[in-house]
Structures are given as C-alpha cells and as structure tokens.
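Below, chain A partners chain B and then partners chain C, in two separate complexes.
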Partner chain A sequence: MESFPKKVSRVTYRVSRFTFYVLFLLLALASAKTASAQQPTPSDDEVNAIARQLYCPVCENTPLDVCPTQACAQWRDLIRQMLAEGKSADEIKQYFVENYGARVLSEPPRTGLNWLVYILPPVAFLAGAYILYRAFRSWRALGKQASAQEGSEVPLAGDEYVARLEEELRKRE
Partner chain B sequence: MIADFGYGVIVVTFLLALFSVGAAVYGALAKSYRWAESARRAMLLTFPLVTIASFTLIYLLATGHYELEYVYSVTSNSMPMYLKITALWGGQAGSLLFWSWLMSAFASAVTLRKWERDREFLPWVIVVSSVTLAFFLALTIFFEDPFARWWQTASGEVAAMFRPAGAVPLMPSDGQGLNPLLRHPGMIIHPPMLYLGFVSFVIPYAFAMAALITGRTDDRWIRITRRWTLVAWLFLSLGLVLGARWAYDVLGWGGYWGWDPVEIAAFMPWLTGTAFLHSVMIQEKRGMLKQWNMLLIILTYDLVIFGTFLTRSGVLSSVHAFAQSAIGPLFFAFIGLTLVSSVSLLVYRWNDLKAEVEMKSMLSREALFLLNNLLFMGVLIVCFWGVIFPLISELVTNQKVTVGPPFYERATAPLFGALMLLMGIAPLSAWGHSTFKTLGRAVWKPALVAALVVVAIFVAGIHNAVALIGFGLVALVIFVTLYEFWRGAMARHRRTGENFVTALWRLAGRNRRRYGGYLIHISMVLMAIGILGMQVFQTETQGTIPQGGSLALAGYTVTFDSVAQFDTAGGRNVTRAVVSVYKGDQYLGDFHPRRDYYYESGQPMTIPGVRSTLADDLYVILVDWQPISAIGATFKVYHNSLVNWLWIGSLVFIFGTLVAAWPEKVTSGG
Partner chain C sequence: MSENVNNATKPPKRSVPLWVQILVWVGLLGLLAVLALALKRSQQGVVKVGDTVKDFTLTTFSDDQHPNGQQIRLSDLRGKVVLINFWASWCKPCEQEAPDLEAAWRSYESGGEVAFLGVDYVDTEPEARSYIAKFDITYPNGPDLGTRISQAFNRQMGVPETYIIDRQGRLRYIQIGPFQSVAEIQVIIDPLLADK
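Coming up: the complex of A and B.
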C-alpha cells in the first residue's frame, strides 16, 4: 500500500485523494465479498466517537469528526464502512496509523522518543518544585538567624488579619 | 507609484530606527544629553512615518490594487470595505507592518513621558524598542514586502519590488480574497487586541533591560511600568478571549479552544506575564525575587516574538497558519540573540539583585506567590513542550506526530486546579509570616461553605469527580474573595462609621490594585465554570434526518423544516437550513445553521445556529445535505453546558483589570 506523502501541498493532496479513492474502491470491493457478515449501518454518533480520536490527515490539527472538507467526509464514511464490517475502534485507528502515520492520533504513541513528550514536563515541574523547596529552606534558615539576632518575634494578636488591615488603613489615611 | 512611496517610507524609517539605536548607545555611554535627545527625536519620528506607510497600504488594499502581490492575496472585489481595510493584518507581510506600526506607537508614547527622575533609563529603553522595531522593519523590507508587485517573467509569475530583467508587470482585475475563516467581524478586533498585547509587553522588557544595563536594579523599573504591564496583559487576555469567541461562532466545531499551536503561542506569554504580575508584588513588598522577575519579563518578551514567529513562519502548520514563508530562521536567530544577551546581562548583575529581606514562612503570602509562579511555569512547560515536540520528532525520527487536546488537558488540569486552590488561600495569608493556625483560622469559614456547595451539587445528582472538585474550588475562591471584601469593608465601617456600601466603595477605591485583583480572581473562576461545563458536560449527537424529522439531545428536539441554497454578496454560495427547536413541548424558535461556500478560494465555512442561556447553549451545525431528495440533511447538535459563564467571566475580567489599572490619586500612594 502506498504511504501518505509527508509534505502536503495542493498537488500531493490531489494525489493522496486519488490514492484514497483507489483504497476506498478496494475496500468497498473487499467488503462486498463479505457482505454476509455485515451489521446494520452504524450511526453518525458511533462514527464520530472514533473520528473524534483521529486527526484529519491533510488539514493539520483538525479532529476528523469536525473537519468540513470532502476528504474527511470520505474518511468518516470509511470508518462507518469498517464499523459495519465489525472492526473494533482500535483496529480502525490502527488502520489509519498504518496508512497515514502516527500523526493521525491525537497524542504521540507511547514508544521510543515519544516518551519524552510525556516524561519531560513532570520531571521539569518536579525539578522546579525541588529547587523552590531548597530555596525556601535556605531562606528560612537565613530568616531565623536574622530574627535570632534581632530578638524574638512579636506574637501575633487575635484577629491578625483585621489588625493588619486596620494598620494598613491607618497608613493610608 | 504609490507602492514605491510606501516602500520608500519604510526604508527611511528603518534607517531612522538604526540611527536612533546608534545615537542612544553613544549618548548613554558618552553621557551626552544631545545624542540621547537626538535618538529620542528619531524614535518619535518613526511613528508618523510607519503610520504613513500603513495608510498607504490600507489605501492600496481598499482601492483594489491587485498588481501588488499582498493586495491580490488578501482582498478581492467582492469583499466588504471593512474587510479590505482589516486585511492589513490578514496576511503575513501586512501583519509585520502592523506590528511595526504598534511598536513605533508604543515606543513614541513612552519617550513622551516625563523623564526627570529616571533619565538614565531613557536611552536604553530607546535602544531596545528601536532594535525590535528595526528587526520587524527589516523583515518587511527584505523578506515580506507588502508593496511587492506581480511580474510575468519567462519562467513564470514572480512577486518582487523591482522589475526583474525582461519582466512584464501583471495587472489582475480581481484578487484571491481573504481566507474565509477570517471573514468575520471578529477580524476587526481579535488580531489587533492580540497584537496590542504582544507589542506592549516590549515596553516593560525595555525598562528591565535599561535597569540591568544602568545598574539601577531597585524596583524603580517595575513601578514605572506597572500600569503599562497591566494594560498589556489586559489586551493580551482580551485577544485570547476574543479568539475563543470567534472560534466558537464560526469555526463550527462546538468549542472555543482547540489547543492549536497558534492558540498556545498566544497563551504562553500570557502565562509568564501573569506570573510576572504576581511576583513583582513580592519584589515591591519584600524586596525579593529581583532576578526571577527579570527572567520572567525576558521570557515574556521572547515568547511574544516566538508567538509572532509561530503564526508567521508557517513552521507549525495549523488552522491559523494562513500565512507561511521563509522568515523562520531570522525569527529564530533574533529570539536566540535577545535571549542570550538579556540573560547574560542578568547574570552580570546577579549579585546586585540579591534579596533585601529573607523569607520566614512557607505559608506566607510571598511563599504562596512563589508557588503560583511554579504552577504557571509548569503550565508553560507543558505548552512549550507540546508545541515544539512535533518538530523535534520530525527532525529526529522523521515521524510526524500530533500533540492534541488530550495531552494538554491531562497535563494542565491539575495545575489549573492547584492555581484555583491558591486563589482561594493566598489572599488570606499574610505577608512575611503565616502559620497553619493563622491561615486555618482565616480559611475555615469560606472553606466550609464551599464544602457545603460540593455536597449540594453531589446531592443534586452530579457525581463526576472533576466537576465536584472544580466547582468546589470555584466556590472556595468566590467565598474567600467575597469574605475579603466583606471583612475589609466591615473593618472600615467599624473604624470610620461609614455605612457598609460607602465603606466597600472607599476600600476598593483606596486599594484598587488589590481589589481589582480580587475581581480578576472572581472573573477567572467564572470562566472556570464555563470551561468545566464544556469539559465535563458537553454532549453531542449527529444524524441525517428527512424534512419533518427530528434529532433529540439533552431534552431538546431539533426538527428539520427546510433547506435553501442561494448566492449572496461577497462571492458566497450559502446553504441555509431552517430547523425548529423545542425544549420538551415548548417551542423555542427557529435556528438557521448554514454552510457558506466561497467561490474564489473554494473553501467552506460553517456557521452554527445557537441559542444561549446561562445554563446551556444549544449549538446546531449543518453538516451535509442532499438538494432534492428524501434523505434530507445531516445535522450535528451540541449541548454546551454553562459555556456562557466563560463570556460573562471575560466581562468581569475587563472590569477588574480596569479597576486595578485605574490611576489612583497621587496622594494616596501605590
């Protein structure tokens, strides 16, 4: 089977549409043979439930269920066709990945280099949190030293917030 | 020729900007007032000049000079006048000129202020502004010239400013027209707002650099730019919200935010800007975090340039990347240069920026603000990494991948939740010192009421964990904030004997920044209501129905009455359906979802029929239709719960930011 061109320009788009029609025809023929195994036509909602998890292979960053182009309408028909043949959601997604590459998935598959996309942000966040924690500790140590030199701190009065606010108000007036 | 005139003006402005950089540097180093003044005047002159160039382009756009490539590519005879004019920012070349226009305007406005107390900043502010301006003008002159003409050469059509050898000028009688997705009244306001936000963040950055270069590293630069930064932030926020609204109204996918790289590009400087607005307060109150604030404003500046680059270079194709060209490497180099030089300066001054006092408690206001900064940086890392990872993947493994909404939602949801929790706690903690006891005493009452709200929601039948936590946090923030207003007003009332309303009014009036900030907190959680509603409760259905047939969703019934197809102004073919909508048995009215097809570009545009209430929106899209047949038409119906609170929150947000930014009487102090 032909793989989908990497760079999409108008020309390759047409080519890809052509490949698509060929694929579609082959699939239609194949399914005609197994017509006896067909189930009742899947509803639009069932189709969209799968299309939502896939990304339009030509218009970037558009989920397949909402993409208004003709090509996407045909891809949705393809999903319907495959559902009617009794294929599972995973099998359909797998079919699209094999034919159009991993980019049709809404997230990178969890393999190889792609793990980086999932690992780096939490690691960076935890590193930031750790640095902040260390900074807190050293600041607090310094603060304690300073207050030990200045003598003990004044204990805080009953409703500390209101006291503080009133003090602020006094300063302003 | 008018186009040559416009181009000439840009070239002159570019030279002037370069002169002002040189004169300002010399004036500052040689301590020559005359040279600095000369740089200032050159800077001031750039604004009228870029204005002339911009109006020249607007004139060419409005009068259909299709012999210019830019005019040809973004306008056509059938476009209404307002779109022809706003096509100034409808494509790449024009957008860059528009950027320069705003840059020169802001730089001029800043140089016009009184400079007595901080005269040593002036030349360096001019240098940073002029370098930025010169960069964008250079892009316009050498790479993305909006005044370039079409020429017919032996090898085909080319766009160039000057006649290539043996070329014949082309005079098309009509243009391609603007991308249909951009033909919307939102076009008037969304891009300029975003750009206003982008460009105005250059000014606080310029002051930060001036402070670093001159060694005046106290918080003077922050005090000067505080209001300016707040207004920049307001514009950027409005740009984001207007973009969301536009998407909701015309993109026809039932949502407002798709984690598209270009949306994220505008969101990233907002994240660092918001962190900055919070952490400068620590510097003002406690003299801490000077280095961090410098780093935040440097990041914001470079993310602004990066954001402009993402939309303009086409390196990340997305629904927004209507403008693509080869200026990517230049943006990359400029970002690299400014980042390296700014950070080097920061490192050079590192010791001058040491804190004046130290932190005493992990629950103090400043400690919680730091936590807030950590969370914003966490969201930033997720966004930045998600945006650039597809490029890395393509470079390294030659595999294209999509990093889509599920990734961002999963990664950022806990961070946003934690930010909401902080919004509920931090206002009650004290500067300098807080303990669990003092904080607990302040928080328990609002927290109890919020817990009751959660119980009520649970009893009402909502058992979704995200919704319960989310609405609980929303309730906490609202009660804490109202409690703050109430306690403040009561304290005033007790002290001054004013009645409660007067006390509240004066309280907010005398500390606009704090209470404006609280209003912004409320607006954020109102928006969160809308976002939670969409994330958790949105439902949809799609079906093909014959005339008279119905689709049912969430208690609504949508009945298909008719569909008509006709040509209309603007070169469109409109397919417009009429559906009647019922809630239960009650007739709510007719919707007119439609699909516009643009002949020139061959692109469709989906416009939903929407009914909006505080509880929910019903959103109907015409997906497909058969002209004359019994099959009927295909509709998609979305039930969008609570989404209106997103827009209501935005209005409260504008109000809150204006309160915070409104000038206080000089006597009442900061």
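Coming up: the complex of A and C.
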C-alpha cells in the first residue's frame, strides 16, 4: 500500500506535466499565428511576375519589370509593399488600373473597342487562309484543265479559229 | 463566233458571292471609321492656347481636415486665374521649380483671384507626400487618377508641364519644362489678372 505523500507527489507530477504540455501547445500556436501574420518580404521574382504585366505610361513600350527609371522603381516598390500586405496579383493590377488607367496593362481589358484587338487578328488570319485556299484551288483547276487539253483529241474552238486564220492568210498570199 | 472562242480559252471563273463582297466592304469601311474615330479622339486630347479647357475634378490627397480628400472642380474656379502644374516625385526638373511655384502661390494666395492646382502624374502616394512635405507645398495637390486629367491636356504628357487658364476658362499659356524663377510665373499671371 502506497503512503499518502507519495500519492500526492505523483498527482502533482502529472498535473505539472499536463500544464507543461498545454503551455507548450499554446506557445506553438501563438508563434505559428505570429509567423503567418508577418508575410515574408516578397522576392524580386514575385514582384517581377506582376510587374511584367504592367507598363508605366512614362516609359511606353517598356515592361515595368525591366524599366530602369525611378518612376518604375517606385512602382515595383509599391508592388512589393502590396504583396507584403497580402494583396493578390489581381488586386494589385486593379489598384494600378484605378490609379493610372487601363493603359498600364500589357493586355487591354476585353471591353468596348478593345475587343477589336482580340477579334481582328484571327479574323484577318482566317480570311487570308480562305483566300489562299481559293487561289490554290483555282490554280489546281487550271493545271488540270491544261493537261486535259493537251491530251484531248477533240479539236478545240481555239484550234479551229487558228486554222481559219491560217487559211485566210494563205488565200491572201 | 469570236465570243465563243474567248469563252473556250478562258479558265472557268468563279465569282465570290455578292453577300461576301458586301460583308468585306462593310467590314473594311467599319474598320476605317473606327480608326478615324480613334484618331479624332487622340487629337481632341491636346488643348491648344485659346481653347476652353474641358472641366475636370481633382481629388486632393487626404489630410486631417479632409480625410477623403477635397474635390476641386475646374468649373468652380471660373472667374479666377488658374495655374495647373503637372509634377511627379520622381521628376528632378519638378524639384527645380517647386520652390518657385510655392513662392508664387504665396504671393497670390491672399488676393483670392488666383488658384494653383498640383496634379501628381503617374506617381506613388508615399513619395508624393514626401515631395509635398519636402517643398512645403501649401496649394491643393492630388493624384491624376487614371491619368484622366493629363490625357485631357496632353496625350504625350511629360513632367513638369504647367497650364495657365484665364478667368473665362480659356487656356492662355503652356509651359513645357520647369519655370526658372518666381518672376517668370508672375509675368504670365499678372496680365491675366488685369484682364477683368
């Protein structure tokens, strides 16, 4: 039979062990939450992935990710800051459109006259393909007709005309 | 007879259906119309001296007094001489003229007959605010949201550019590049003030 103090010390031990585990678990949870709240600093690659979809109006035709001007450097810093705040690529692009206009986008938004940019090239391509198809078909038909004429024994109207012409010329001589 | 001969020598001709021809011509004419409209629009963006300036609203940077910024409409300033300066924090020549613009503004502020507006072109807000603080600029300044204001003045905007509008709302002076002195600004504004 165990003595009373021994029992007490075992219970105390178990309680303290349980408390230790609970505290450890709480600490682990707290540190995980802190880590998730602080976004790591976005890398250059992450910033450039968005920057290459944007064009600064000051430096036309130069994508933001490779533009060397100070204006573009400020824009890239802004993208980095927004990424660190947890903003998505779409939210960042939307911010830039609202502040600087749709012309900053590398791909024009699919609205209004912008649709022409998406519709005209494939339509022109298809029209060109159709014209080529028709041209090739008519050339082939011409080739077939020519070879058929060469092999034909039936005198053609053209030959008759030439024969008559030659006959008339002979008569005049 | 000769007609028959010609028909026999000609290759069989297949004409494009009429509806296709009409469709192609309508399409081409439509495309030309769209291009003409786009060209007209791009030309409309340039304001010339003597033109009445199209109305716009500038939303200023927020401050303690105006947490959502202040809305300033150009048409509300009719009767005043208005100086509109396009600038950016990344623009070095803008820094050169900023103290002169501020000094000029302070010389006219008490008279109440001149308005200065600073339009921050393609800029980032923290840097723009630093710029305003650095040069202690006190006249209203705000971002050119969507570059709508600059596009109405000049489609190929570069900074700094300054536009001065008379009391009747007509554009009277365009300065491309920085002003060199306060006197240079006053020489333009003073005659417009005299013109009641």
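Keep this in mind: the second predicted complex is superposed on the first by the 113 of 173 C-alpha atoms of A that agree within 3 Å, B and C clash if a C-alpha of one lies under 4 Å from a C-alpha of the other, contacts with A are read in each partner's own complex, and residues count from 1 in each chain.
FYI, contacts are C-beta pairs under 8 Å (C-beta built on N, C-alpha and C of every residue); 3 or more make two chains touch, one makes a residue touch a chain.
Quick caveat: nothing in here was measured; it's all calculated off a predicted structure.
Visitor: Who does A:116 touch here: chain B (first), chain C (second), both, or neither?
Guide: A:116 sits against chain B and chain C alike.
Visitor: Is A:58 in contact with chain B, with chain C, with both, or with neither (first, second, both, neither)?
Guide: second
Visitor: In the overlaid three-chain picture, which partner chain does A:74 touch, first (chain B) or second (chain C), both, or neither?
Guide: second
Visitor: So, does A:140 touch the first partner chain B, the second partner chain C, both, or neither?
Guide: first
Visitor: Between chain B and chain C, point out the one touching more chain A residues.
Guide: B
Visitor: Where does A:99 make contact in the superposed view: on chain B (first), on chain C (second), on both, or on neither?
Guide: A:99: touches chain C, not chain B.
Visitor: Taking the contacts chain A makes with chain B in one complex and with chain C in the other, which residues are shared?
Guide: 69, 101, 103, 113, 116, 120, 142, 156, 161
Visitor: For chain B, which residues are in contact with chain A within the complex?
Guide: 252-254, 258, 260-261, 317-319, 355, 358-362, 367, 370-371, 374, 377-378, 381-382, 385-386, 389-390, 392-393, 396-407, 411, 428, 430, 433, 438, 442, 487-488, 491-492, 495, 510-511, 540-544, 595, 604, 606, 624, 634, 636, 668-669
Visitor: Help me check something: in the complex, which residues belonging to chain A touch chain C?
Guide: So the residues of chain A touching chain C come out as 56-58, 69-71, 74-75, 77-78, 97-101, 103, 113, 116, 120, 127, 134, 138, 141-142, 145, 156-158, 161.
Visitor: Can you tell me which positions in chain C touch chain A when the two form their complex?
Guide: 2, 4-5, 8-9, 11-12, 14, 24, 31, 34, 38, 88-90, 122-124, 127, 143, 145-148, 151, 157-158
Visitor: For chain A, which residues count as touching chain B in their complex?
Guide: For chain A paired with chain B, touching residues are 6, 43-45, 48, 55, 59-63, 66, 68-69, 73, 101-109, 112-114, 116-118, 120-122, 124-125, 128-129, 132, 136, 139-140, 142-144, 146-147, 153, 156, 160-162, 164-166, 168-169, 172.
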